[in-house]
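Lettered A, B, C and D in written order, each chain numbered from 1.
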Amino acid sequence: MLNKEQIAQRIARELRNGMYVNLGIGIPTLVANYVPEEMTIVLQSENGLLGMGPFPFDGEEDPDLINAGKQTITTIPGSVFFDSAMSFGMIRAGKVDLTVLGAMEVADNGDIANWKIPGKMVKGMGGAMDLVASAKNIIVAMQHCSRDGKSKLLSSCTLPITGLGCVKKVVSDLGVFDIDHRGFVLLERAPGISVETIVASTEGRLFVPDEVPEMTF
Amino acid sequence: MLNKEQIAQRIARELRNGMYVNLGIGIPTLVANYVPEEMTIVLQSENGLLGMGPFPFDGEEDPDLINAGKQTITTIPGSVFFDSAMSFGMIRAGKVDLTVLGAMEVADNGDIANWKIPGKMVKGMGGAMDLVASAKNIIVAMQHCSRDGKSKLLSSCTLPITGLGCVKKVVSDLGVFDIDHRGFVLLERAPGISVETIVASTEGRLFVPDEVPEMTF
Amino acid sequence: MNKVVANAHAAISDVQDGMTLMLGGFGLCGIPENLIAALVQKNVKNLTCISNNAGVDDFGIGLMLQQRQVKKMISSYVGENAEFERQLLSGELEVELIPQGTLATRCMAAGYGMPAVFTPAGVGTEVAEGKETRVFNGKTYLMEMAFEADFALVKAWKGDTQGNLIFRATARNFNPLMAMAGKTTIAEVEELVPAGELDPDAIHTPGIYVHRIFQGKDYEKRIEQRTVKPR
Amino acid sequence: MNKVVANAHAAISDVQDGMTLMLGGFGLCGIPENLIAALVQKNVKNLTCISNNAGVDDFGIGLMLQQRQVKKMISSYVGENAEFERQLLSGELEVELIPQGTLATRCMAAGYGMPAVFTPAGVGTEVAEGKETRVFNGKTYLMEMAFEADFALVKAWKGDTQGNLIFRATARNFNPLMAMAGKTTIAEVEELVPAGELDPDAIHTPGIYVHRIFQGKDYEKRIEQRTVKPR
């Protein structure tokens, strides 16, 4: 089973040189730690920044410089600030090449739910609905099952929807999945996880190719 | 009969302190020369400038600094540059208090024609259609009659329309007119011009109040 | 064209109960601290507040929530505020949650005189309920209406006496958009300079959008998530 | 993320006959002189050009008109160009005239992923023919569609190796809007600097919108209407 760092590490393998990438809060943020050294990636933060850098050294925090998770950050050379309308404008126009975000549920048709649990949690969608509606390529980082063992890869979402038919790929603690007309297509297994375990843990339609390689780190 | 400078001078009396004003090409541009000294007016140039100043001294022209008539200009302290979308955005949002422009024809319902003479002239509308469709307050500076003596203050425009029902006031070489439900309302006569002359020169509906003062300069 | 007022209290003297206010900022970054403090002191009530977030319990708009000054919040994310959640769940507070980009674009639309805009954000979700949809090039969009407010309250880094504003880093966020959308826009700035001192090429908000401006004081600039790396 | 190409010829190597190009500039102010010269030399034909103006007879897009490279012009004002008027009246050149603000906003709409925008400009005129109208708050608007182009060719004052751009004075005009609307956007700059040298708060066009950039040369910056006052 992959831990959070390994999920991030696996997602980082999807990066290509020259990509503009938006990383959501949580596991997606960790992806930045695994960008290969020879690769240039520019991180977009939807509150209004291209060229996000690592966290600042202690004592060098700038309250005017935060990411979409409200964390203090730094910038890299070539960074640029803009207002939130332009920020979502470039997202809506498809200029961001890859969006990585978390989810509570994903359906086998690409629907995603990640913003609300009725009666329990009312935090709001932030930029998630804009991102999922517009991104060219969305990868979801998530736990495969809930704490009580219920699959979060479903035939249809039970929670309020964030966006329809938008997720292209899921990296869970159990494996890597494309989403296409066949539903979840199992591409890779987590180390030590059998196809049978994944089948048993997936409520939505699952397509299992003849060969499903095990990930190595 | 007013000359061009006097038309501009008369229009300048409509200015109020603190106004943002857009002046069109031709006679309207001359209005800037008659802003009372104690008054602060900020001129908007729709190619992307607030705070237009006078023409530069010879030898100090800057090719990157022109007005909407493509003339070299200067700026005043507090000026700001922006792109053309924001420029027309502030026009459309009604932030410009007064627009002064020329016209070939004006109708007694406020319609204006000033961009095209079919078969003769195809220069384009530039920003005129945006300005007339959005300005809160439009004053037209124009000659009352064509060279062959035909009225240009009409019951309806004969040339292709620039905008519908938008003109609030006309200052011609013969007089000053409001436009309301009564048509052209004669407010002031040019020095030496009789009401009868104005009546004879106006094809559109003309309302003549009991008293029509003569302008003084 | 001098738009300078003495301070936050003078600037909000005509803000009244029941009005709609926009407040700039993302989280606690770039919020109009002085204006919020003045609103708290004036204790105007029944406000509708349009702001991306609702502050934290003891800072930002959270201070207004504590005093029950807010009737309705229009925001995209309100996850940092226990008092907010309590008022919401108890029904004391009305809340409309809308996508962040939609919020930003609806403010800009007002400033650009565009009555409505199209965005795909929220299609097929609760957000779409009651809204007109339209298909362009095979993709479905929601028609979202421009946002206006009686007052827009923004915070800039530098400003001049004519109301021209420059923002700093990610404290820009919603501030220039809301500045364009206020029937009356009030800007507080960290540094107020005479007209002519700001680079005309570097101004983010032209003064034509700003009606009142003042030099703010005692900025706390609280950090919500202090994240650092070891030296 | 280095987007630097050697020169204008390299930058336009894949511009082909029949394509749609956007060209920044207002009059001759802020036009991409180097890129236009390269297009003239390459002599690509049957182009659709979206540009506020069409240059003058012997400069700017006028040079492309002389060579009959342009099939269709989409502009707001073309009054400075005798050859243009001749080609138009003779039917050699197709022309679509649209209001200046509409042109600007349709470019911005593409850059902001908005398929259509509403503007009152042109309601009741020839411009409205065949277009959908809609009433908001008692006022009639036209629905105008976003503009895209195969290539957007823009001119900036300064740019960096990542494609970030800063414009100068009124040479900004349509350049940042078209930069956002190109499927491929090429920027020529008066001064190309390494990434990190431009103030991140002062950049007008973020590099994400720009695909190729190069240092221009031999700028003529011709003035159309030299107006001066006596000393």
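Going forward, a contact is a pair of C-beta atoms (placed from the backbone, for glycine too) under 8 Å apart; a residue touches a chain by one contact, two chains touch by 3 or more.
Quick caveat, the model's predicted, so the values are computed rather than measured.
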Of all other chains, the one whose Cα centre sits farthest from chain B: A
- prompt: Considering B-D alongside A-D, which chain pair is linked by more C-beta pairs in contact?
  reply: B-D
Statement: Separation of the C-alpha centres, chain A versus chain D, in whole Å, is 37
Averaged-CA centre spacing for the pair chain D and chain C, given as whole angstrom: 33
Message: Suppose each chain is reduced to the average of its Cα coordinates; what separation in Å results between chain A and chain C?
response: 28
- line: Multi-chain contacts in chain D, i.e. residues touching at least two other chains, fall at 105, 112-114, 119, 167-169, 172, 200-201
- prompt: Residues of chain B touching 2+ other chains?
  reply: 81-82, 85, 88-89, 91-92, 134
Statement: Chains touch one another in the pairs A-C, A-D, B-C, B-D, C-D
- prompt: Within the complex, which stretch of chain D touches chain B?
  reply: 26-30, 52, 75-80, 85, 88-89, 95, 97, 99-105, 107-108, 119-127, 157, 167-177, 204, 221-231
Chain D-touching residues of chain C, taken from the complex the two chains share: 105, 112-120, 136-137, 139, 141, 166-169, 172, 199-202
Query: Can you list the residues on chain A that touch chain C in the complex?
result: 45-49, 54-67, 69-73, 81-85, 87-89, 91-92, 111, 116, 122-130, 133-134, 160-164
Message: For the complex, give me every residue of chain C touching chain B.
response: 1-2, 110-114, 160-162, 164, 180, 194-196, 198, 200-201, 203, 206-209
- line: chain A residues touching chain D in their complex are 18, 20, 40, 42, 44, 50-51, 75, 77-82, 85-86, 88-96, 134
